[in-house]
């Protein structure tokens, strides 16, 4: 008997960088598990969402109805997850998000068969708001793409940041997303803010960082970002020698320097195998597989759904985040760290933990979840 | 006889060129009125203004007593004005008979009729076929129009003008591109039509014009320099000089 | 409103406009003049960016890379013309749309296979990297000025080529009636291939110039192609002058909209409402402009003198 | 009967029989695929009315599909979450007519403006209106912005239960057949002759006395309304409605289905939809790089099969319809 | 100079030419006569390579033209005034004249814009008008001027005087005779038989895609039967 896991992520378009990192981490997890979850063989089927909700939903439908998987995992994007949610849950499958954390699913639409190994969207920027307070930033300029997650990020930082927001730009996103930020950067500079908060995931992040660097804003307008400076953008920025990014601050629930055995093994083996640092997308995906495997190993089969659900909820596995536990809404209750872009001992650009911002943080929508 | 078309003080210029210059002209019921004149005199421009695809700068056009100067082209067609084009203008993708049938269809009211298949409406087909017979294209009825020769296209233009059964037919060089024999047939055809329809004919084929016209107007630089019977025009010195040459 | 910010934004708008012009001019050449709808024009822009990015790392010099990449994109354009465009000249626009859409998929996937999904950030040489201070508050990245210069240069060259050379006349004549040009003794096929290659080089150049600002990434061409179409439609298809003016107009309006629309909206609505509606409206702005222009002038601002 | 009519019957019969057979033999996914296919084919058939027969290349047709879907989603959303009580309902007898009406109105207003332009200008202005609707919906947070609208409930209709995949497929299939017959009837009618004449030579049609603008606008509204109906079905099918449904690339896909299959033919758009979706499905299950062979296939069809697949299949001496 | 041998041409599956044989000597003025739809234009377009013949051969000064790209044919010294004028609509009148002008064969006294204007003074006032805005007759004059500007050895005119006023027609016939006298060969299609009889040396009557009769002006004038049967008068 085998355990079938369908893993939906983005494998085409520019966003496939993220998908690739997740895919690598999943494969590494399976390798670490020796291809087994307890006595059962592990089989992972990857599917591409093409960065589009309808395609993602179709991929999910196919995994559920055609491949008959036991678990559906993955999902980078909130809208893809929202679109696919019903297909997976209606079929009685377990749905495990390895990245996306839209507020609906954390709150009203929470479900006993849904689990997250990442975070709720607001948490990371809330941590950043807290950092800004601690660093004495009084006025802030905010930039993010004009879509749901972008707005979540902005409202997240607004929720905890106590200073004044002197300017805000929501830039065009989607198929013809705006990648030239000259106008916005000029405005930000003219605003005289103490700091600049941005959220630009994927390819837009690299573009943003370059222009930030070219505009020479490093000393004038320090950068505080979420989901923008990461293991995916740093190698490119290093290749182009855009030193402006070094020293910039970002918050995250995970970092390659986190000091626990599982993480050390994950990071070291990932680097050895793929020649680069893993990103948090990878770490979350690795955890997702480990979580599933731990539950299946405990129950010994895939038919006893109730037992599996309880085993998942218990989260008895060695997470790369150290301790791992779920809150009432099946989102993790976890720490958030402040990270800084630095050069490591080998001269490779990466991040390191500067301080812990939140401990055992619970997202703000958990209360809405009737479970 | 009553005046069908009455043009008064019509002007139209393109940039510096006066294509129509204070033009006055009338066509009587059943008359075949020919307009001749050198190349670029403004004959086609006149027709375009009459059927409404170009708007005059000033002046007035009356049709059957009604001022139609600012009227839309399709509305004029409903009143009973039809034109043939100097440079053939057909629906090349459609079959020959469909082209003609559309002209017939245009005549009986609006075509916001969605249910019956147009090709199954016998009167339409029958009349279109009769028209094709009349211009000698019956055996090519089902061919795509694009596959016909230049001269055959000219025949179709005429069939369409006939199909519209307009009170006033504006014919822009119907003989152009016709062979010798075909030109002769066209003359017979037009002679047949005149009396039943009013016709404004533009033509450079003088044999045809003199054989057919009741009256001839000579247009030079947008202005009518003479109007009269064929004999009067033939003997007019100015016309000889400006247009006919040593025929 | 701060005056030097206004100037900076105007310059940003001009720079965006000229970049759009580079893409749009190639498109208008191929579309307006060869009467060929090349949806894959954006993919040539992408290929230009990727080739230049790779060469920059190979040679260690951005400038050298551009010089080598330009003829390479020209050759690519030549190949596309030979194998995709040429058989489709006689077909209607729809077939061309479908064929070149297929080409987009092929080129995008090839780029993915060759360069991976990550995209490449292109480093600039030191002397292009910095900023130029025009006054204390007026500071502009040097490279943006380079783009402005390149755009103006290309515009001048094209304008001269199309309107004042016999080659230009032939190109325009060929657009309306290829058979006849050929029957009068001109090798129209080669001429068209050259025009196509020129269009590809212009698109490629735009890609090379934008790569150091954003980066070379898969699908980058699909983002710009729509805007480039908007430009040539607003300007009037086939009109170089129209493309130039519309590109500048759209560059400026887009930039100004992004920078000042929220302030403008705050004059007559609550600041929350302004903050929400301004980005939506500024995203729609170019489409609103196009719809407005076309409803008033159905052939664009500068319809070519005939069609 | 011509070879083509036989082909049409055969294809439609297969499309009716195969999916339920798959479903009953334990392959429910293929029924879903066929449902999606039938729905998109309705949109393609309606696009074919103006694109194929009318020569009006609308590059914004996905907007109608999207609007139709939102016309189902928004009442359902309010029914689930409250607000706007007058709209809140799950009744298909309200939602579907609403979808059709909204799209007809949108077609009337935008068509009145778009139809002033010609050719490529028309292509682009229709796209512009679609993009405006796209960004408008993205900016409405109440309806999920670009995250889209999750509706957990399908339209309630008499007789059919849309939660039953077989019923949903059946409804979509019947709607497709009706749409095909409707378009066929229209293009053969006198109205259709005018529409096709105006495609070939609008100037001639005007001088014959046809108000070409009015005929085109009527066709545009009919086509928009039909696409809105397809959108209502699509919303029910996905139970998730996102602005992405009206992205320009979706409009492009509809166009490609029409051209691929053969514009201005009855079966063409359906055949195009079948080939498009089956090829997409088959190729993407081989490799994530499936766009490469798919793109090559599109190019090959265009380069070597004039008039799309129907053109390739056209028997000798058989004229266009 | 120009020899057509058993030339056949198809449009798709329908045949338009069924073996046209024709021989034109240097310096001759020849006509193609025939009713509408008999294949005159098809013959001319086959010579120019605009439509591809399906069989037979065409030689010009000993060179085979079948299979040759149309521009190469033109550069051998064939100038075309096409049916329907085919003026470039988006070029000005002047640009229409000079865009394709050339002197490949190195004529010692090549055609110039001035010479064309001397022939057609009507054109001179319209130098900067766009091609499509010219009147029908103006376009015809321009089409002749445009072909002359390529300095051909053989000038081919399809419907040479269609749409021209009588006065202009006379001028064109006069000009053609003059040009021919200077050594250019001319192949012309027109319906003004009276004029053609005067200026042409040789006539070819085409009927259903075949040359059914050929002869001199005198022979044609004398032969009532041919005129009746093939030309219809």
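Per-chain residue numbering starts at 1, and chain names A, B, C, D and E are given in the order in which the chains are listed.
By definition in this document, contacts are C-beta pairs under 8 Å (C-beta built on N, C-alpha and C of every residue); 3 or more make two chains touch, one makes a residue touch a chain.
Nothing here was measured: the structure is a model prediction, and the numbers come from that model.
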Intersection of the contact lists for chain C and chain E: none
Set of chains adjacent to chain A and to chain C: D
Farthest chain relative to chain C (centres taken as mean CA coordinates): B
Pair joined by more contacting C-beta pairs (C-D or A-D): C-D
Separation of mean Cα positions, chain E and chain A [Å, integer]: 75
Computed distance of Cα centres, chain E from chain B, in Å: 29
Rounded Å distance, chain B centre to chain D centre (Cα mean): 43
For chain E, residues that touch 2 or more chains besides their own: 133
Touching two or more other chains - residue numbers and ranges from chain A: 12, 146, 175
In chain D, residues with contacts to at least two other chains: 138-139, 141, 248, 289, 291
In contact (per the touch rule at the top): chain pairs: A-C, A-D, B-D, B-E, C-D, C-E
Interfacial residue positions of chain B with respect to chain D in the complex: 51, 53, 72-78, 82-83, 85, 89-95, 98-99, 101-103, 105-107, 111-119, 121, 142, 144, 160, 164
Interfacial residue positions of chain A with respect to chain D in the complex: 11-12, 48, 52-54, 57-58, 61-62, 65-66, 78-79, 82-83, 85-86, 102, 104, 109, 146-149, 151, 173-175
Chain C partner contacts - residues on chain E that touch it in the complex: 48-50, 69-71, 73-75, 79-80, 82, 86, 88-91, 95-96, 98-100, 102, 104, 130-133, 146-147, 150
Residues of chain C that touch chain D when the two form their complex: 31, 37, 84, 87-88, 91, 93-95, 97-99, 101-106, 108-110, 112-113, 226, 229-230, 233, 237, 276-277, 279-280, 283-284, 287-288, 290-291, 294-295, 298-300
Contact set on chain D toward chain C in their complex: 51, 57, 113, 116-121, 123-125, 127-129, 131-132, 135-136, 138-139, 141, 248, 252, 255-256, 259-260, 263, 289, 291-292, 294-299, 301-303, 306
